[in-house]
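Two complexes, one shared chain (chain A), two partners (chain B, chain C).
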Partner chain A sequence: MAVADLTTERRLSIPTGIPTGVLLAITGYFAGVWLGNEFGLFDDQNTGIILGYVFATAGFLIGMGFLNHPLGRLLGWRLDPLGEADIEVGLGRYFRLSLDHKVIGIQYLVTILTMLFFGGVGAMVIRTSLLSPTPTIVPAGNYLSVVGLHSVMMIFITSAAIVGPFGNYLVPLMIGSRRMAFPRLEALSFWLVPPAAVILGAATFWGGFPTGWTGYAPLSEQAGQGMDSYIVGFILIGLALITSGVNMLATIIALRAPGLTWARLPIFVWGILCTSILGLLAAPVLAAALVMLALDRSAQTSFFLASNGGSNYLWENLFWFFGHPEVYIFILPAFGIVMELAAHFARRPLFGYRVGVVGLFGVTLLSWFVWQHHLFVSGIAPVLRPFYMLSTELISVPTGFIFLVVLGTLWRSRVWLTVPMLFCLGFLFNFLIGGITGVYLSDVPTDVTLHGSYFSMAHFHYTIMGGEIFAFAAAIYYWFPRMTGKMLNQTLGRIHFWWMFIAFNSTFFPLLIAGLLDMPRRVSAYNPGLQFLNQWVTFSAYLLFSSMILFAANIIYSWFIQPVPAVANPWRARSLEWQIPTPVPARNFERVPLILAGPYDYGLPNAKPVADLRGLVGATGGS
Partner chain B sequence: MAAETRYSAAEAALAALDVRIASVGMWLFLAANAFYYAAWYFAFFYLKALNNNGAWMISGLTRPSRAYGTIVLLLALVSAGAYALATRAPVRTLLWRLPAVAALVVGLGVVLFQAYEMWHLGFGLTQGGFPSVFVGLTGSWVVEWAAATFWLATIISQARVGGDTILRAAPVAAFANLLGFLAVVGILNWILLYFLP
Partner chain C sequence: MAQRPALTSRDHSIRIVIPWVVLTVVGWITASRIRLPIDQSVQGADQVKTLYIMTALAIPVFTGVVVLVLYSAIFFRRRAGEPLYDGPPVYGGARLQLTWIVVSFVLVLVLALLGITTLVSSQAAQAVGASGRAIGSGSETGSPIKETNNELQVQVIAQQWYFTYRFPDYGGVETTHLELPVGVPVEFHVTSLDIIHSWWAYELGVKADANPGVDNQFHATPQRTGSFTVRCAELCGIWHGEMADTEGRVVSGSDFNSWIKQQQATFAEIGKSLPSYAPSYFPEPLTKGT
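On to the complex of A and B.
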């Protein structure tokens, strides 16, 4: 009997890549617009624009090659499910559909940094406009659109800033896996992000959208066609969160190396796991709400129109049921990074490892029970307020566990003050302020006063930028040698840290004061008595933006202009991702390793090496 | 002579791992799905309870046809049941192929009947809360059912002799959970949209 060749791969001979994707996206857009305008139920442009964006995205993904595999399966062809035949080298792989988690991690990193630049430019426009108490460079009518574009772009970025580059690149390496569970889903989660960003940017051609990132109805129902960009862009990010969540969780659950028990799992991976749970379960609720909004705007249904049987509170509930866990989607992986790095740079076992895990899960669980604190001033039933106030205040307890773990690890240790560690310490300082100001906002009486003010705005910038983005920077400095084989310039890194830390606090701490002085957010004009404060903040914001330019310059300089090859394990860390050669081999490990000890057993007598990289003969992964 | 696929021990171990991954992945996907439909059910009960402006279900509104709803549900149950039956037999045998193909054909019927019903609703989309939820919830369900049908077609196509390796047989069992889940959602929709006063 003939034995079938298991490695035979038949492929569709369709040229795929970014040019094909862009071409099909443009074709798809115009086809969708025509279809919507021709056959839409109502005489507005929304149906056409929404269909245009949907078809454009589908066209882009088809052009990138996402249809080849399912179509080949439908035709009964023998295919390569894991992309074993797709191992590529060279720069070109970063511009194609790749199933290599390391390539996808780098793709994410570069995309996130690019989007961060555009989001930052939006912030600079806002701050420049606020140099004067009356609107200057941005007319009052457009101010909210700029705020909306900045905020939604930043939300897109921060949703994926850590899970995208570092989760995808590092999780398989840290758990001793030779692959991701669903490489195609992983690639899809990345390739949904660029269309989302472009579609969001396209809102500018339609005059933007006036709702900010919250998209409250009925304003979102009345807004112009720019709102359609918000809807489709956000749905794509939601899909990216779901696909990423399925892939990450399945990988961590099913593909841990033998010996990697839950008690030995690196704390960063725990952070990614908790984040993925939140993304997986919260994003579908957002997707449903956005479908309702799209139907209201295109098919004239009335989910959010009170006059016709709907309710704007329906949007507020569904949005914040997603929106508050989303905040923890930003911060949980940052917690993971800070705990991970604290152990490595203190050269001590992670203090209270289990407490840290409980803290991460505590935040994950409680984040589902706090969303209505966003509605304290929206007219929710007063009897509900105490519950949501207490549940919100309660979340500071597991957050306190995280701080306890980090401070306990650093306590009386000789901390190696590297650049990544500096950013971790910066995170602790900033997030402490963000957390404490959050307690005030969880309290009903103070929230009623401060909710619409710059106090609230400064609070969430302290948590997201002061928290997540500082941890993001720490992660780049720490894992850059692992991902690229190059060291980032440490002198520039130290200058970057102090510049960013001082400029960040100089920007946002005065805004807490501006909020206490009743300066309302989302308004382009303010009390002239606050002009000096605002000018101070604007110049500080310029400094903050320039610190990010320095960061980008350091990355470009160290990666391409004056690259310094990194030594094999520059931080002399115990964790598994540092035990493999540079560059990381195509399948990560020659064999699935056998995990012998935890990653933080520094200074322990008779501590075993973290893994036997020769592995077990015949082991396939899956602890 | 038809090609036959044989597997080494290492390949069999990989296949077992892949089955586990597919199973875990499917449960995770279903969890996400559950939250998606929970949002729609929340909208249903929330708008129904509020009945803003008395426009949840305006007087004189023609409710969707129970006959159509029942036919769609029955087809969905038959499709999911047939596929569940198929998973009891080894892949590529006639006992697997027959019910799987039946599930596919009946599954296509679900899409066609539901689409027909949506074009003959008897009420306008602008006529209040209930029509909004009906169209959104039913539309979401049938779009997902159509995608599942496509997936089923790929599974059947890949399950022929020489057409696949064991690795790709992994979705076969996991897919039954998806059809089962969608059938349960179909039952809930049927009760809420056609019978709840």
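On to the complex of A and C.
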């Protein structure tokens, strides 16, 4: 290998990295602002700010080195297709553009956890304000900005919380691949997230945006310059979803090791596959809607303005056509994690593996036909309401398959109740409540009362936080030894689980009741009769936040302060990602392994090992 | 299997069914004690009825799954000191899977049918001119108010951050609070002057989005006198939470007549400067992006 040549050629390129990126981002921002203010149609700076954010992102990515490879190819430099990852060692690689999926997984994990902290602080501000039924603690305007920032930040996080860290790190290891199909797209999908988060945070300088995460026009057209942060940040997250979706799909379809038939694919990878399909197809619709909104705000179009011939229904439809698959982008990988972990800790084959896969695909398919259930009381297309009611309720059938698979797997096994398994059981409980309350919302007559109330807010927190974030925690506890070589402290983990589980339910169950008792979402002032309920919820929310602090403390403690080296394969799992040494070698596998059996063949008297790591050499068979 | 008592499937079933039944009954009793005040209109009472039926169906599903999860976690757990033990290699059970799929499918269809019949039957009721329709017929942009309609016409006009009401049957008078006569079917026409709001009359069981340029219709028949609360249920800017009015009232027919006369007198001067009644109003084009 021409490693030496590579390093000399790298010296030819401009110095890339975060400092260059930040420098170009700042330059790009001011260039964009100048351009927009010079040629913009309004004198309200929106054009300048939008262009500023776009140029800043482009500058940042160029500074990070995303143009080096295309330019190098253009100019005829020889570059190894998977160059830098091989020779990169040390802490510095986590702060550079790395093409190693393992580095990207860690980068994602740390970024997501950091963003989660800010999103959580936002939630605490919201709950503190709601201690009082009038906006006396936090002024109404600030309250509204915090609602917007909390919601969009959390949407950014949950879009990538599982696919980002665990999808990137584990999919190649699970499918026996030495690389991702499109490592540059993969790196791009990560490096779009920090600019998106920073641009979103920049909304605070402009007074935030008043629309929550739904960005309903025309409120979003009336809003101040903070709205531009929403537009550009969300477009970047959409791009991240698209690039990550393309990469994951290609990797899973094309780079499975020989012998890894579809029927042997780990169920977690199926979850990632389905979520990638959704991200790839849904995010372009969002991006298109956001571009239209940006044009409305900057170029005098009126896509969403009824007074000038547009319609606010257009935004609602485009947004929810993205928005409803989006919520399954959150939850499908979580389904994958829960089924995967159930098999490994029950130490049994997955009960009804095919039913589980059909369940994932059923949700994927049906999620395209339900979006108007968000618009039951909007006055649009009343004749279609029975259809959307039926399609929405039908989703509970494939979702029920997931419960069938997990419960069937646990049945008459000997479940090893580790911390990750506890989180999976917590997931089942929370998601059950989330799913059942979802059926209430899907029924048009009951939705008339529940729509836009705290009931729906509590419902989606049950599915996203009680569902996805619990599965996220399970995944961290389970795969942390794989990713870092260190065990998370299990005692702290148990305390964390019970603390978080109780605080979570104590926070959100009362909110279901608040919704039934006339409390609309996103209000800073509410019925004084509900003050006690809200104070209860606020104190529970503080407990919930402190449980997350405990989680963070556990991660920091076990990772850096008092690291306990993990034994190889601490969970004695069969699956392929645990069969390779720690730390994972630069190219994962010496040779592309030959898969001999499924990952869940526990208890078979003469089960083959999951793979022959010597690869195809000397292999005689195996399908 | 070591030192564990060998339990048959029947033993397991009994140990699961008993807590399931107990919890379900407890759940039903608890749920039946909850009274929601959404009964001021026929439609609101319908919604609450649907809510109870759904809860009655949801409770056994919820308790069933919770009992199964807890049972597995408690009785099938690996105890301290036990070696790791691989469970029996069962890859699935066709009968159980089929039962699960069929049961969940039937349950969902029952629920959907329940919802659709509520929706459709009450729409049919509206078609023959009787009272009662759970859900609005949606927007009829630009269509004039039907004069033959025997429903009381009430236009709800939303703007940042309050609701006002116009009564085309009473000379288009615009009021700041809403009173409705008991027993008279009402056709609400909900529209907005600026951005999207949502008119939520909680005790009446009415919620309809107010869209600029759209006449969103909703039908309700008040059946009980008393006051109701109006709130905005769609985020509409900084004072969204304050966009509420606790002074809505359902009153007797004669009280309504005297109230509307009084309103006509109070707002007579202002009424002269109002635009004439229309399904929707186009204000000055919204100032964008300021």
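Here is the rule we use: the second predicted complex is superposed on the first by the 601 of 623 C-alpha atoms of A that agree within 3 Å, B and C clash if a C-alpha of one lies under 4 Å from a C-alpha of the other, contacts with A are read in each partner's own complex, and residues count from 1 in each chain.
Definition applied: a residue touches a chain if its C-beta (ideal position, glycine included) is under 8 Å from a C-beta of that chain, and two chains touch if they have at least 3 such contacts.
Every value quoted in this text rests on a predicted model; they were computed, and no experiment measured them.
S.K.: Can A:L390 be said to touch chain B (first), chain C (second), both, or neither?
M.R.: Touch partner of A:L390: chain C, not chain B.
S.K.: For A:P563, is the partner it touches chain B (first), chain C (second), both, or none of the two (neither)?
M.R.: After superposing on A, A:P563 lies clear of both chain B and chain C.
S.K.: For A:A254 in the superposed arrangement: first (chain B), second (chain C), both or neither?
M.R.: In the superposition, A:A254 touches chain B alone.
S.K.: When the two structures are overlaid on chain A, which partner does A:G92 contact: first (chain B), second (chain C), both, or neither?
M.R.: neither
S.K.: With both complexes superposed on chain A, which partner does A:L318 reach: first (chain B), second (chain C), both or neither?
M.R.: First partner only.
S.K.: Looking at the overlay, what does A:N308 touch: chain B (first), chain C (second), both, or neither?
M.R.: both
S.K.: Now for A:G379: first (chain B), second (chain C), both, or neither, which partner does it touch?
M.R.: A:G379: touches chain C, not chain B.
S.K.: More residues of chain A are touched by which partner: chain B or chain C?
M.R.: C
S.K.: What part of chain A is shared between its chain B contacts and its chain C contacts?
M.R.: In chain A, residues 296, 300, 306-308, 311, 313 are touched by chain B and also by chain C.
S.K.: Report the residues of chain A in contact with chain C in the complex, numbered from low to high.
M.R.: Within the complex, chain A touches chain C at residues 42, 44, 46, 135, 140-141, 144, 210-212, 214, 216, 218-219, 221-225, 227, 296-298, 300, 305-308, 311-313, 346-355, 377-382, 385-386, 389-390, 393-394, 396-397, 400-401, 403-404, 407-408, 410-417, 425, 428-429, 432-433, 436, 439-440, 443-446, 448-449, 451-453, 516-518, 520-527, 572, 601-604.
S.K.: Note which residues of chain B are touching chain A in the complex, please.
M.R.: Against chain A, chain B makes touches at 1, 3-6, 9-11, 13-14, 16-17, 20-21, 24-25, 28-29, 31-33, 35-40, 42-43, 46-47, 50-58, 125-126, 128-133, 135-136, 140, 150, 153-154, 157-158, 160, 162-165, 167-168.
S.K.: Can you tell me which positions in chain C touch chain A when the two form their complex?
M.R.: Residues of chain C touching chain A: 12, 36, 38, 43-44, 46-47, 50-51, 54, 58, 61-62, 65-66, 68-69, 72-73, 76-78, 82, 84-93, 96-97, 100-101, 104-105, 108, 111-112, 114-116, 118-120, 134-139, 190, 194-196, 198, 200, 202, 205-209, 211-214, 216-217, 229, 231-242, 244, 282-290.
S.K.: Over in the complex, which chain A residues touch chain B? Could you list them?
M.R.: 1-4, 6, 41, 70, 73-79, 81-82, 181-182, 242, 245-247, 249-250, 253-255, 280-285, 287-289, 291-292, 295-296, 299-303, 306-311, 313-314, 317-318, 321, 618, 620-622
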